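Each in structure tokens, the structures are laid out below.
Two complexes, one shared chain (chain A), two partners (chain B, chain C).
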Partner chain A sequence: MKWDRDLKAGLVLMLVLTSLPWWALTSSYTLGIGITALTSVALALAWNVISGIGGQLSMGHGAYFGLGAYTSSLLLVRLGVTPWIGMVAGAILAALFGLCLGYPSFRLKGVYFKLVTFVSSLILEIICRSWSSFTGGDPGLQIPLLRNAPAMYQFASPIPYFYIILAMTSLYFLFTRWILCSRFGYYLQALRDDQVAAEVLGINSLYMKLTGFALSAILTALVGTFYAQYVLFIDPASTFGMFVSVKIALAAIVGGAGTLWGPVIGGLFLIPLAEVANAEFAAILTGVDTVLYSVVLIVVAIFLPRGLVSLPEFIRARRSEVQRMKVSAKPAS
Partner chain B sequence: MTQFFQAVISGILVGGVLGLVSMGLSLVFGVVRIINFAHGELIMLGMYGTFLVYTGISIPPPFSILIVAPLLFVFGVLLYRVLFEPVVLGSTELLPQLSLTVGISFAIQTIALWIFSPNHRSVQMSWTTTYYNVGEVFINQAQLIAFLVSLVVSFLMWLGLARTDLGRAMRAMVDDREVAQMMGINSRRIYGFAVGTSAALAAVGGNILMTYYPASPTVGLQFLPLAFVAVVMGGMGNVLGAFVGGIIVGIVQQVTGVYVAFQLQNAGLMLVFIAVLLLRPSGLFGKEGSL
Partner chain C sequence: MAALLEVEGLNKWFGGLQAVAEVSFSIQEGGIVGLIGPNGAGKSTLFDLLSGVQRSTTGRVRFRGHDVTSGGAHWSAHRIAALGMSRTFQKVRVFPGMTVLGNAMVGAFLHTANPAEAEKRAEEALEMVDLYEMRHRSTRSLTLVDRKRLEMARALCTRPSLLLLDEVLSGLNRQEITVALDLIRRLNRSGVTLIVVEHLLRVIMELSQRVLVMDYGQLIADGKPEEVRSNPKVIKAYIGGTEESHA
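On to the complex of A and B.
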């Protein structure tokens, strides 16, 4: 991997984020926002592997998030297995589920894949709800509080959680960076841009897509376990739910799907925005954060169809357009 | 056996309304090539509109369709002109339209929450709790009326698509967009009309649902996945197929509910959905290779 601008900027951003708990995120409330934002960056980066870079739009990443969260938590609650191992089990299960779903449905075209993934996560949610003797059902699953037990993936303060998710996000960033300039990544992008042409050139499209999907599922499930251990409570709606899937996809889309920086910018921008709006206006009117969130979605869709990362390009284009209009407005001498 | 007939008949009655609503979703997908994640919210607006017309000027459903449907038609046209058009005409990419329609859906939900509060609202008519007893099968009068209305409106919709110039233009857009435009079809007008019609169909659905299904700001989310399933079963963009798809959805849901478990009725439906997709990707009535 070449030591270029992206990696340098990523390192600087990581160092800034590392220092945040000392000077900016000093209360447990602000630290919580930081953790949530980084979680959404990690999820967006995971989604980006198959849906952004590979162009196979998944609307059901809640399925993998939930599988990660529930596998590790159930192993812990029912069998006493440490979530560090449960995390691996969850990732394997998520990869298998992704492969089983992807194998038949990658033959379908874009729109259908999107709907199959959307529905797959809803099915898991319903099963999780109704199989309550095993999963805890609708009321959710409480993870026993142990306070300070690093061996059991539990810590007394939010700071270790912040650094764990920061480390995960950094690794996901490096991984995305590696994919984008690896042979595998070029194959995925070629499939996204023109599947027929890519297949003619000898790329095994099913194999590439399945690999990408499995990787994406694994990365998502690992964050699922982190979430369960951080919140210490999970229920079907907050893991497999429709909103979880939609928000994972939207963070990446608003930032810029298929790019390295898009998911990072999307996650770091949307979550703090909603949190700040909620804190400022909650007393006056509930739901201001949702409206603000939806306005951002709509505005970005209309003006920046390729996401916030294309903002500099957009400004440049606008400027040159204004320049051209000025030139043409001058009377011919 | 009575139990089975009961399940099938309730399924058909509920499925008819769902089919009507799914026709709108399918129309927009076929003509404008947008998967409208805000379609459930249009149903919700139809329900609240019906509620307001009933409490305000005491015109009951289904007669208030004549007020609510035109209003939602106008709303749909505006929605297209103001928000959909900049995204649709710019690109055919899926990503921006996804964030656009999800954004619209969230926004409408929150605004409805501000205006109507999270409480459930309903319009109770004398026929809400009246039942006919045919053989040993019970038929709810409100559901029967709703089914008949959706049958009539779907028939009118079919007639419109088959016999009028506007309908022909819309079908041409579904079949081949470029050629249709070359033949001089004004795509802007047709797109606006399609979104408007879709919103009006959602309004009719919401209107007749209101007599036996309470409205809440998030009620649309309960119908959206079902409507997706109906649209795909009928073949995406196949408007009449979506109506039949809706009825199948209703039957599968009710039969699973009776024979497997009530909570699993949607899981059974989703499994049938995935099976249909894998075996007949272009839908039960779709043309081979379309899309």
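On to the complex of A and C.
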């Protein structure tokens, strides 16, 4: 691990975040926002592996989030299995689902692959709703309240949850950093940029894409289990729902898909901002979060297509443009 | 000595259009083979078939003793590349989202999983094509010439035994061509066999020891440059057109 700027900045950020429950996030409400923010970062980083770095845009990552949440919860509720083990089962199932989905669809042209991913989570949502005898259906599934039971992935206070998701997010960040420097990461980016050129350099595109997809699914599913154990209630819409998939993708895209810090920025700012705005304005106007997402997306698409992470570059470019205009006596042609 | 590349009765149909028609030839290791022909003759398609980018309709291609067209299971491009065949494209395809060094490293990773080692090899290749100084630049700021050089360096990093160059000289001025030719000859001396597609007939005659000529998908001539130059079929194929001039 090279001790570079990213690692240093990441360490500082992690230390700051670690300290937050002591001075900034002191109530259940504020801790909840912090947990939501970190959850979004983790999901965005997971999505980023195949869709940002790999460039294979998935609009159905809710499928893996839901598979993680439901697998561990059903194993717990029906068979009494601790979610720590259920989490692994959920991750494996998510990976298998991703592989089964990817194998036929990765050969399809870009837009069709995106459609397949989009539909896949909808299909799981429908199955979840219909098979209510098994999954609890539309009304959802309640995880029995145990108060403090660390062995069963439950804690009485939000603080342990905060640290668990902080640890996960930090690991995902380190993993992303490693990928970006590794052969795997270079190969994924090459495939993203130009698949044919990548293939003639010896890159097995199907194998690389499937591996990326499986990894992304696993990372997403693990967060799904965390979510289930934190909220203690899951239902088809909040897990497999389309909006979940869109939020995950949005956080990474707005922040800067394919980069290390993009998902971090997108997850930390966009999602909590939207949730808080929604709560504050709930009395005056509903759906403020949706409006906010749309506005932010449009602004970013027009001015910062490479995401918020490209803001320093954007400012530098503007500054040098202003310099050039001041220096030159001739009007711009 | 077994041939490096053997092509037997290669055919490619795109619907009703026959892009490559019963092409057969064989290439030994070492040396530079020129491939010429009017526009639309099927040269790039032939390269696509050899490198696995496209599947042949019928015919056989044997590279380093391996039958890469084995019946129905035509080898995919990445397997052929791993075997030691590399290529450049008529329309340069560098990776826009990566730096110059990054591009070259993608090639180098074929023979190593270690990023530090890949970086070293990539830097060596970049030095060979005189792009070392620009290695941290984004490809967006590169001129066409530099992008062509990058594509060559990247292909070199895969340590090919056979390198297919598809019109690397088009768009280059006289000076740039001289530099490029020197690079090609150096590559050849270092042990890489080359098949070079070019429109500049004078250059090809000078560069290659052997010339293949295609027209309407068929191989109409195969021999030494002097023989090919005076071949009536070749002259007829270029009828009405003089050797293409470059800007």
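Please note the rule applied: the second predicted complex is superposed on the first by the 322 of 333 C-alpha atoms of A that agree within 3 Å, B and C clash if a C-alpha of one lies under 4 Å from a C-alpha of the other, contacts with A are read in each partner's own complex, and residues count from 1 in each chain.
Rule of thumb we're sticking to: a contact is a pair of C-beta atoms (placed from the backbone, for glycine too) under 8 Å apart; a residue touches a chain by one contact, two chains touch by 3 or more.
What you are looking at is a predicted structure, and each value in this text was computed from that prediction instead of being measured.
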item: Contacts of A:Leu67 with chain B and chain C, given as first, second, both or neither; value: neither
item: First, second, both or neither for A:Ala91, with chain B first and chain C second; value: neither
item: First (chain B), second (chain C), both or neither touched by A:Ala221; value: neither
item: Which superposed partner A:Ile234 touches (first chain B, second chain C, both, neither); value: neither
item: Which of chain B and chain C A:Tyr112 touches, first, second, both or neither; value: first
item: Touched partner set for A:Ala42, first chain B, second chain C, both or neither; value: neither
item: First, second, both or neither for A:Leu57, with chain B first and chain C second; value: first
item: Touched partner set for A:Ala198, first chain B, second chain C, both or neither; value: second
item: Partner, of chain C and chain B, that touches more residues belonging to chain A; value: B
item: Chain B/chain C common contact set on chain A; value: none
item: Sites on chain A touched by chain B in the complex; value: 57, 59, 104-105, 107-112, 114-116, 118-120, 122-123, 126-127, 129-130, 242, 246, 249-250, 253-254, 257, 285-287, 290-291, 293-298, 300-302, 305, 307
item: Residue ranges of chain C touching chain A (in the complex, touch as defined); value: 51-53, 76-78, 80-82, 86-87, 89, 93-98, 102, 105-107, 109-110, 112-113, 115, 118, 154-155, 158
item: In the complex with chain C, residue positions of chain A that touch it; value: 181-183, 186-187, 189-190, 192-194, 196-205, 258
item: Partner chain A, residues of chain B touching it in the complex; value: 35, 83, 86-87, 90-91, 93-100, 102-107, 109-111, 113-114, 221, 225, 228-229, 232, 236, 261, 263-264, 266-267, 270-271, 273-274, 277-278, 281, 291
